[in-house]
Amino acid sequence: MTKFTGFAMKRLNEVGWVEKEKPECGRRDAIVKPLALSPCTSDIHTVWEGAIGDRKDMILGHEAVGIIDEVGPDVKDFKPGDKVIVPAITPDWEDEAAQRGYSSQTTEPLGGWKFSNFKDGVFGEYFHVNLADANLAKLPESIEPETAAMLSDMFSTGIMGAENAKIKVGSTVAVIGIGPVGLSAVAGAAILGASRLFAVGTRPNCVDVAKKYGATDIINYKEGPIDEQIRDATDGAGVDAVIIAGGNMDTWPQAVKMAKAGSKISNINYLSGADVVPLPREAWGCGMANIDINTGLCPGGRVRMERLASLVEYGRIKPELLITHRFKGLEKVEDALMLMKDKPRDLIKPVVSIKE
Amino acid sequence: MTKFTGFAMKRLNEVGWVEKEKPECGRRDAIVKPLALSPCTSDIHTVWEGAIGDRKDMILGHEAVGIIDEVGPDVKDFKPGDKVIVPAITPDWEDEAAQRGYSSQTTEPLGGWKFSNFKDGVFGEYFHVNLADANLAKLPESIEPETAAMLSDMFSTGIMGAENAKIKVGSTVAVIGIGPVGLSAVAGAAILGASRLFAVGTRPNCVDVAKKYGATDIINYKEGPIDEQIRDATDGAGVDAVIIAGGNMDTWPQAVKMAKAGSKISNINYLSGADVVPLPREAWGCGMANIDINTGLCPGGRVRMERLASLVEYGRIKPELLITHRFKGLEKVEDALMLMKDKPRDLIKPVVSIKE
Amino acid sequence: MTKFTGFAMKRLNEVGWVEKEKPECGRRDAIVKPLALSPCTSDIHTVWEGAIGDRKDMILGHEAVGIIDEVGPDVKDFKPGDKVIVPAITPDWEDEAAQRGYSSQTTEPLGGWKFSNFKDGVFGEYFHVNLADANLAKLPESIEPETAAMLSDMFSTGIMGAENAKIKVGSTVAVIGIGPVGLSAVAGAAILGASRLFAVGTRPNCVDVAKKYGATDIINYKEGPIDEQIRDATDGAGVDAVIIAGGNMDTWPQAVKMAKAGSKISNINYLSGADVVPLPREAWGCGMANIDINTGLCPGGRVRMERLASLVEYGRIKPELLITHRFKGLEKVEDALMLMKDKPRDLIKPVVSIKE
Amino acid sequence: MTKFTGFAMKRLNEVGWVEKEKPECGRRDAIVKPLALSPCTSDIHTVWEGAIGDRKDMILGHEAVGIIDEVGPDVKDFKPGDKVIVPAITPDWEDEAAQRGYSSQTTEPLGGWKFSNFKDGVFGEYFHVNLADANLAKLPESIEPETAAMLSDMFSTGIMGAENAKIKVGSTVAVIGIGPVGLSAVAGAAILGASRLFAVGTRPNCVDVAKKYGATDIINYKEGPIDEQIRDATDGAGVDAVIIAGGNMDTWPQAVKMAKAGSKISNINYLSGADVVPLPREAWGCGMANIDINTGLCPGGRVRMERLASLVEYGRIKPELLITHRFKGLEKVEDALMLMKDKPRDLIKPVVSIKE
């Protein structure tokens, strides 16, 4: 029995290296070795905020590009040695929720999210991927693994934020929060038709990338209520779409207040910190101002990854700009995760490269 | 100068008859005399709950069918003597919000709502309608004025609730609240593809109409939390769409808890009673369960009224079943309104018929 | 090795009984024995018009309700003895076309259609179903097998016709052709919001069912060009949606001519008889009248069948009204097919019942 | 009575200068003097191909930016001296087709198109604009009149082509024809989420702009059937969306053949030259391959122009790259038109600047 090591949540508030048996590869599944890994804020939530409850010795991580080690006998399109983009969300495509059009919600709400949730994540020498043909995408030769690792969750989520915001050509858009997901939403809004594009944030690195991704106005929340700043900048009109990619529960009333009647609010923030999400009754038109609120979980699966990779290949998005810190060697995944926890001011995303 | 009388909000908490000068008819407008009138719960909110703030001597009412008294020189399709359905919402069709697709939100949020909000309502011997050609619909001969008066707001709002719930063919739907708007939503859900259709309410008259309108299951909130009852009835699955047409702020967490991942919540309740609409973070999948929340204000205008009338003509909806109390003579609008305020258990909608 | 018999296309223009080996059941598949079968016009096209080219000894049929004989080891939700609705279209749910939202087009255009196309159909003692968990639906106890057999293709296709017609509440709709698919489209339009609903056809049985399914006006093509009749009936306006469920290539110009600017034309007719589908340039507004043309292949899979069954259970549709001729015993499938070929004037759909 | 001159279609096949009385300004209308004008291919179709039938002394032109000379008494947002973008399509916003969501089709099919169709166009010292508040947009100071003139029709139509193609993020798109409308469609596809973007055309100027607008692959129809070239380039898959912006009736079968099952074909070509638009039955999946065909007429009105102008202001589109030939003085509109008729190989769009 092959043993391998991975970096795990040992229990709430504790992380460390564990040794495990190499997972068995199902008939339609694959075993993958990582080439590029990136920790996510939700790994931090998982370990230190108990976001998904307690877990014992569960390997962390859900953003990866890898190389196939083994495939099950029913896998047709992949073979050992293939380099692949691994989506954070690996749906059960035959499930009723997928048939209804909600592939991230298969088997149960948020059930498409398996890595570092229901099973070991990708921060190990090996990891298991369900339904290889349906959930893996070939890594195009022209894309570096580290760049592609930004697609697994960051860009898939950020762009979904823009999609759910139902941006129309020439819409004005505000993105609240410009961490890596918010920046991806900025990029998504820009390639989906936004004209004026407000990005709310302050960290210089993030502001710089926001502009490169298409933000036209930067709003600093330290300079006053952000809804007032955006109302002022738009002669009182407000914006056609708001994407919530950060902040806290107080962000919600502000989001509604900056939204035009007839606009959409699209949430991509994993909400925490209070039991109730507060919508402001009056600003929401007593529930009658046609301000819809759309949500979702990062889309996964092969076609999504192929389409995002295609956007990179054809120069529409530049995920590599998110990467501020680079590490080499699987053992550095620990440093990368702790960096994510400490969140130094110049951090957007760390990435760990692993030799083939 | 012609004087006329109408039943008005004299100030907060006080109603009474007022005498006013007949309004001037703009070039594209019409002056209409009522044939059938119905008070709405929002008239009650306006007077006794201060929902829209204070008003002085403002004639109440926004649900009417009438006969044209006068038209402006630029009106083409209507002439004095024509019987017309008058929508509660009379949009400014050239406004930018209408061009964006939100005709109920023209000039300002909820700005398409003019009667008994920005100007005198329909509970008078005469009332003024802006943009006659665009906002009035001819009353088909086969429809009684009293029946058609149920289209102005009740059926337009209720059916919008079903439209915004994005019902797909065979969807399961829950309608919370079966007052007149909720019942219209039941009818709307039934003609838009619902299969199993839960109606939440208890009053026998309403339950009876709900069944006639297509409800397949009645949920009595006195018998336990409604979300639990509906989860149980669906083997835990929940429903594809929830329409909120009543209740209070506590209804919101229940609505989210009965919704499947991937479902829609459509609000048609004029929210009051608290500053914050509370969404339950966890049941809402931490903002990631693809449970969208859609809202709107009753669609108005000519085409909407024509289409609703067409549904009556061709037997798809039976608005007359909402009418439980009938009065004769404009002076009885006071009794009808007070009935709406007192809300006897057997009331759904009162209607006042006025001789031509 | 078990042998079984089935009724097959022996080659172009020739049908007959064949003996075959019982198909092997894949790990996720099922072997089913029929309880109710119905031939489809496309079986006729297949044999006598060469619609899909030549086939040797291919068992015909794709409309069935059955009882499970055997399931593969990876099937979770079904077991031998379960009664099931079998959709005509059994998609490969992991395929990229399904991930794009087009499950009927998996693996290749129209590739979700497997029965009596790529493999033996359902007119045998046994038939094979791919992906049992994803493609079979349990037959509710309250629905007769014969009724449910009308859902496999007829109602799934007809209702899709109404869905693709993008009917809005109160839309006027015309359905051209009221054979079984057209009648299902009439039913679909009625439960998706149509007000006035024209049905074009002449056969008394069909006209009768069309009315029961919600048609409000019957148009007889023998009494003049149908577009003119419908224009006349609508004071020149035309209709908001046209569903093409029959006719021939000459139907297309008529369909466009009866469509309003801004309407939709939805095709559900398997087109044959000419190489070119002719759109009339001028009536189509030189390609600028916002008259969109939508198409599709019958949706399949478990959720679709469950939703259609739910519509039957809750009384929204009555598929049994399509059945005009009933046979007993698998051997009678030959008679049923020949009846479909001969198309007597009183035929809508024949069904063959097989004892458990 | 003020007289003014304009360049007109005198009758079929004949153009020339005419003198007319200055039009009367309706109460809600404006009289505008041109600052920048551009002829359109449809002016050529109108005069020399009889596309809209015969007209006598009708001033040509529908692409303009101007300065307001006079407004009617009911106009609120504009005054003499304001510089304005004038859309080619000036809808009747209160009309039933606008209420249905089809503002370009008001009063009759294509009825939003008034300039050089139902009334004198913009190639005169003065022209009349209906519904100034609803149909004019202020010219932002940062945009040159000549650039903005490209929005009136070219960019509004081209971008509509991309909108109707229902491009999803990462879609592959083909634009057939890269004259000015096709190039605008290329720009539209690029800002609405396309990844790989094929442009079909050969003229070097156009190819150059296509690349600047986001085309990733240029297909030369002289090098073989374009559908085969595009199928080959995509490993047989075809594209997710096809925009027809040129070619002739033979383009239609090619468009269908390059389209994936589940793709959209969006037409923005004003079709002429044959009575029938031929769809290829077999490649179209016998009408069942989920290949929808969407059409439309250039969207007009104030909000559309404001949104397009906003795209220019925020750097999303660069309409000025369409302009290859510049003229000065109203009298040069004749040369500009004849240039459009002669279509030299280096022409994309001519523009005529007129001093304030």
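In this document, chain identifiers A, B, C and D correspond to the written order of the chains, with residue numbering beginning at 1 in each.
The working rule: a residue touches a chain if its C-beta (ideal position, glycine included) is under 8 Å from a C-beta of that chain, and two chains touch if they have at least 3 such contacts.
From a predicted model like this one, the values you see are computed outputs, not experimental measurements.
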Where chain A and chain C overlap in contact partners, by chain label: B, D
C-alpha-based rotation, chain B on chain D, 0 to 180 degrees, nearest 5: 180
Interchain centroid distance [CA atoms averaged], chain A/chain D, Å: 39
Two or more partner chains touched - positions in chain C: 100-101, 306
Chain A partner contacts - residues on chain D that touch it in the complex: 159, 162-163, 168-172, 188, 190-197, 216, 306-308, 310-311, 313-316
For the chain A and chain B complex, residues of the former touching the latter: 51, 97, 100-102, 104-105, 108-110, 240, 244, 260-262, 267, 269-272, 274-282, 284-297
In the complex, chain C residues that touch chain A: 27, 74, 93-96, 98-101, 103, 131, 133-134, 301-304, 306
